[in-house]
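Take a look at the structures below.
In the two complexes below, chain A is the common chain; its partner is chain B in one and chain C in the other.
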Partner chain A sequence: MNEAPESYAAAAEVAVVRKRRGRLERIWLALKKAPVSAWFGLIVLSAYIVVALFAPLLAPYGEAEIFPAPFGPWEEAHRFGTDQIGRDIFTRLIYGARNTMGIAFVTTLLSFAIGGGLGLVAAINRSWLDQILSRAVDVLMAIPSLIFALMLLSIFGSTVTSLIVIIAILDSTRVFRLTRAVAINVVVMDYVEAAKLRGEKIGWIMRREILPNIMPPLIAEFGLRFSFVFLTIAALSFLGVGIQPPTADWGSMVRENASLIQFAQYDIKAGLTPLLPAAAIALLTVAVNFVVDWFLHTSSGLKDEH
Partner chain B sequence: MHPVLATILKRLGLGVATLFVVSAIIFSSISLLPGDFGEAVLGQAATTETVAAFRKELGLDKPAPVRYLDWVSSVLKGDFGTSFSGRAASGVDRSRSVAELIAPRLKNTLFLAGVTAIIAVPLALLIGLTAALYRNSLYDRGVNALTLTTISMPEFFVAYILILLLSSLWPVFPSLANVDASTEFGERLRRIALPAITLTLVIVAHMMRMTRAAIINLLASPYIEMALLKGASRSEVILKHALPNAWAPIATVIAFNLAYLVVGVVVVEVVFVYPGIGQLMVDSVTARDTPVVQACALIFASTYIVLNLIADVIGIVTNPRLLHPR
Partner chain C sequence: MSIEHNDVLLEMRNVHIEGFADEQWHPIIKGVDLTLKRGQVLGVIGESGAGKSTLGLAAMGFVRPGCRFTQGTVHFNGTELIALSETEKRAFWGTRIAYVAQSAAAAFNPAHRLIDQTCEATVRAGISSRDESRSDAIALYESLQLPDASNIGERYPHQVSGGQLQRVMTAMAMSSRPDLIIFDEPTTALDVTTQVEVLSAMRKIVEHYGAAAIYITHDLAVVAQMADDIKVLRYGEEVEEAETRVMLESPKEAYTRSLWSVRALEKTEEKGEDIVLSMQGIDAAYGSSKVLHNVSINLPRGKTVAVVGESGSGKSTAARVITGLLPPTAGTVQFNGEALPSGLKSRTQSQLQRIQMIYQMADTAMNPRQTVDEIIGRPLEFYLGLSGAAREQRVLELLTMIELDESFLDRYPSELSGGQKQRVCIARALAAEPDVIICDEVTSALDQIVQEGILQLLLRLQQEFGISYLFITHDIATVKAISDEIVVMYQGEVVEQGLKSDILSPPHPAYTELLLSSVPEMDPDWLSTLLKERA
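What follows is the complex of A and B.
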């Protein structure tokens, strides 16, 4: 006759509500609150990644497959026509996603490994090593990186490896500065001191004590550096000293098809062809910027307005 | 000594030191060339003697510090050495001096950069100031979205869109900016219209956003609120209270973007086939003509360093705290 429980325990009631949210649930909640621009960025970014990963499955032809008609029009068989030696442009756009983004991603990873590692060491060490590294970075940053990259490429030649190494080293200067600046604030914390007194090695202190605490700015910086590296590589390839043919790459595709633009009066589609790879570059950069903006807002409460 | 003078001298000293180290780096790039580059330059048929003579001409038989001092002293006299192109295995030397190659092109580049700066700087400051004044208005949001889009686009994308619209579909301006010494001033302006507009769009976006951020940062400080509470008018607050402190960031913004122009000019010159120093550098990189690349890199890097130096000095000179020491 008495349907209510005999005794009332607040803890029991609270316990029902206090189920911890899973990681997926938390991500979903954050996504639901994300602005339209972030959604747009995330969708574009995932589409690019899918295209890059599954390029051979999505592309109708081979990367360097040559057809008889050069500068062919947009038609059934070749959605965006063919280029100056008769390669299918749609196919090369798809492969370009893989090559351009892949090389930019590897370069950014390498630049974070170099710049981030040295930055952490400099922040922990704070002695002559820090001085030497910081002054070296000052000098390297005094030369515009595109100019420096051009000079080094003229010496080492334009191979993919030298491209990756040169740009990664030039770019790591900025990563070094950021890592050092944020890590210095963490190094003075008591728990780092405790780890040092425990006798932990520098590797442990870097990985387990400092790195987790400086992750958010580094992740945001990764996005920005990626889009910067991506633009630099595209610019170098456009100038003809970056990724070399027959590898499909958006920067060099713009250069190769640029002459089509003068026929825009007669066939607007031909005029648009060289803009397609350029638009692909611009769209990716915009998307990355949107996502990074949103990430900075949610992770650090950084706001534009005062 | 006046503290301002001391700070400026210190900064100038640092600038000279940086320039020195950068020149050393650029110089040492020639020693990084692979050992057989003499044959690569002179061709397959080069004999051991001609290669040895070539290496001797470059001074590779002397120790590096001596070569560096020689190089610096001749660069200061305006002599950048001779280009690698035009050399032949037979020892016949049709190469031209680097200075002779660079001089007319440097003039062209300075002309393009100058025209761009004259349009872009006032425009960016005006837009930046007004966007900061009416912030969060429709105007501010519109300008922000537009500039964010321009920044994200590579220069050559902007350039080709402009060519498509203003040269191909509606032929207003020529798509090739081929000028030479005989081109008249008016015609010259018309031909560089598209490259100048491209560069303007790119750097106005940067400059405007940075100016806006600098002013907004300043308007949030307590002393501005104090001035408002005292009853100062809006224009008085901005001109008398905010601007003296804003000169330093604004000068930095301008110099930074003029320095950015140095880099942007390379890509834009290639798009429009403009005979400037940027295009020369790219061509020389492809031809692996190291003396020319070195000279171009030195010019670009020193312009960049000097512009940043000027910005810092302006920042120091206009800093009210340094000007009125207690």
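What follows is the complex of A and C.
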């Protein structure tokens, strides 16, 4: 840059070239600058994932193993006591991470596949198909989703599959709206027109031209939707139409042990028991939100310059 | 320009500015001095990245977020601006110093009426009451020759044209009768015909109120009309400064001379017989509004046809009809003697391959998430089925053709300069091995020196591969440089078509005359002479 070339050369034009960094190096750089809240969120999230993955190794007993004493106190053998039919609560908390998070994850993935895919198609098409899809989504969104989910679950039965499919479809409406809104800004770009002029198929345009340019908001939304799906499942389980026994799940654990809370005046630990799965839910939601906030902040360019 | 330039208004000494990028501070302005007297107009020219805009803002004691002053002083009317706090600086901004930005459309708030935005600065600063400043704004609109001056202020920004908006913005800057106005490329986004009006209005008002001005542009011919003196910047340093006439007649530095020489490029025209692409009696419409009326254009093989006209004349729509993006309501497009299907979807892959397109804004024409390798390589995979080493080989050949090297392969578009981006777009079009390339204002967003490089590249490629260009532009200098034939369009109709020499020499139809005479020339008296002739 200091040596100004005498004659004009295209390759010598000045442009800002970023240093080539490996992916790991870039992630490490970003992490170094991350705020405490993001670190907290990441650590909690990884801890949950480890627990979910290695549940059978970490849990002292089997998921549905029944011991003779129901409503057992907190003691050496049963760290958080036993539940109404004598299952170890600590074990079920660990398995609950696996079931609730696993189902929520699959559901969110499915809702992104449906909502994201249709949203992209609608954004590219922008004609009758867009109208039909968007109005259908409006109708679905007009119905309170928890009530709608309750109704559908009572029609199709509370199996894990129908739970996943129903929540995914109801949730995909929001993903559809977001994807369509951000994709519309990208669809009008000249490079998308160039791809159309080249004769590219819609699949290529969706995957290669548009998707990479709308990833940041979608990833952030994935985190938030995951939290919401997870809360919905917990809520449905609490109402009794979610994940069915004997599968361990935090929502139903709160419900099954809810009555223990009135014993708090005699034994504070017994009173805390139903709050443990609730705390697990709350902590995960907070952690996910911290991570999403940080990700949105770094990827959206919404930075304080000073 | 008869005012005595004695009283120094602005004095910048040894100004250094740095910008923060990629975890490092990079110098942007490296020690520039600038002296401006009352009533003086200083033109600042240079390529993009030379630091023109940064210097202009620095004259207000302002740096963009992410930048900082490291050295130097800016004295405005005796006050040192850099050391002042943000609040103290605000006392000057918008009242004593005004700024006119390049894109008027982006600088206005779409939700407020023009007159409210014009008066905002004076009313907020408490200089005058709302009613006073409103009647003053109307007077300013009048002196800027805005149509229906007493009512135009009631409109919203989208209800007036680009040229009118730019003039309203000048009125806004003048509203507080500032001592200094900074014009940052105010006419770059305008058509030549509109540019003349805006330039004369701005010159008149600056002279009338005796304000000093810094006029930033990359267009020499424009700056010649406006400025008393010209300063040439390059890489954040001053190349030279001299009085306008002296500078135009005998520039000292080699770099300045190279800027001057660009407009000399001219292609010798050749008549082509073999028609590769022809539009016959095309009508086209967006919804119910008709944009093209019976347009017929013939493109000879291996030649360049330039389509000229102001914005809204239907130039780009014609291109959309050819590419199949907008099926015409009547008429046909013939390619190599066969009629092309009107819609994009019904065309075969080879028909798509044979007609390629290069866009005005190279920034948006390339996917920001793809590397140069992917961008150039995709047509090779898609049309020619190349892969692996053969594809690699060809991509490198194409890069050599556009005078870039393999170090560019893994760069993203954001890491290329404006000219390099446009070159990559050319390589992408070239990769398809087309017969026809439609160039839609491909050089109008570029600096002159870069423009010349791109035009020469296009000419060389035409000679080597016999490609035909349909070259859409509003710049007559570009037309001279590249075309064999010219099509003049106005309001969706072809005014005339013919060989370059025929169209450019008189007699002209009225519209061609207006268009040609509006192209600024490198003569400081051009604008005055033109206005006298037209009056």
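In this text, the second predicted complex is superposed on the first by the 283 of 306 C-alpha atoms of A that agree within 3 Å, B and C clash if a C-alpha of one lies under 4 Å from a C-alpha of the other, contacts with A are read in each partner's own complex, and residues count from 1 in each chain.
In this text, contacts are C-beta pairs under 8 Å (C-beta built on N, C-alpha and C of every residue); 3 or more make two chains touch, one makes a residue touch a chain.
Keep in mind that this is a model prediction, so the values were computed, not measured.
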item	value
Which superposed partner A:Leu57 touches (first chain B, second chain C, both, neither)	neither
First (chain B), second (chain C), both or neither touched by A:Asn213	second
Greater chain A contact set [chain C / chain B]	B
Contacts of A:Thr285 with chain B and chain C, given as first, second, both or neither	first
Touching partner for A:Val36 - first (chain B), second (chain C), both, neither	neither
Touched partner set for A:Met189, first chain B, second chain C, both or neither	second
Touched partner set for A:Leu24, first chain B, second chain C, both or neither	neither
Common interface residues of chain A - those touching chain B in one complex and chain C in the other	305-306
Interfacial residue positions of chain A with respect to chain B in the complex	138-139, 142-148, 150-157, 227, 231, 234-235, 238-241, 254, 258, 261-265, 268, 271-272, 274-275, 278-279, 281-282, 285-286, 289, 305-306
Interface residues, chain A side, partner chain C - complex	1, 4, 6-11, 13-20, 189-191, 193-194, 196-200, 208-209, 212-213, 305-306
Complex contact set, residues of chain B against chain A	18, 21-22, 25-26, 29, 32-33, 135-136, 148-149, 152-157, 160-161, 163-164, 168-169, 175, 216-217, 219-220, 259, 262-263, 266-267, 270-271, 281-282, 284-286, 288-290, 293-294, 296-297, 300-301, 304-305, 308
Chain A-touching residues of chain C, taken from the complex the two chains share	21-22, 49, 65-66, 234-235, 254-255, 258, 323-325, 344, 347, 349, 352-353, 356-357, 359, 361, 364-370, 378-379, 382-383, 402-405, 408, 410-411, 414-420, 423, 428, 432, 449-450, 452-453, 457
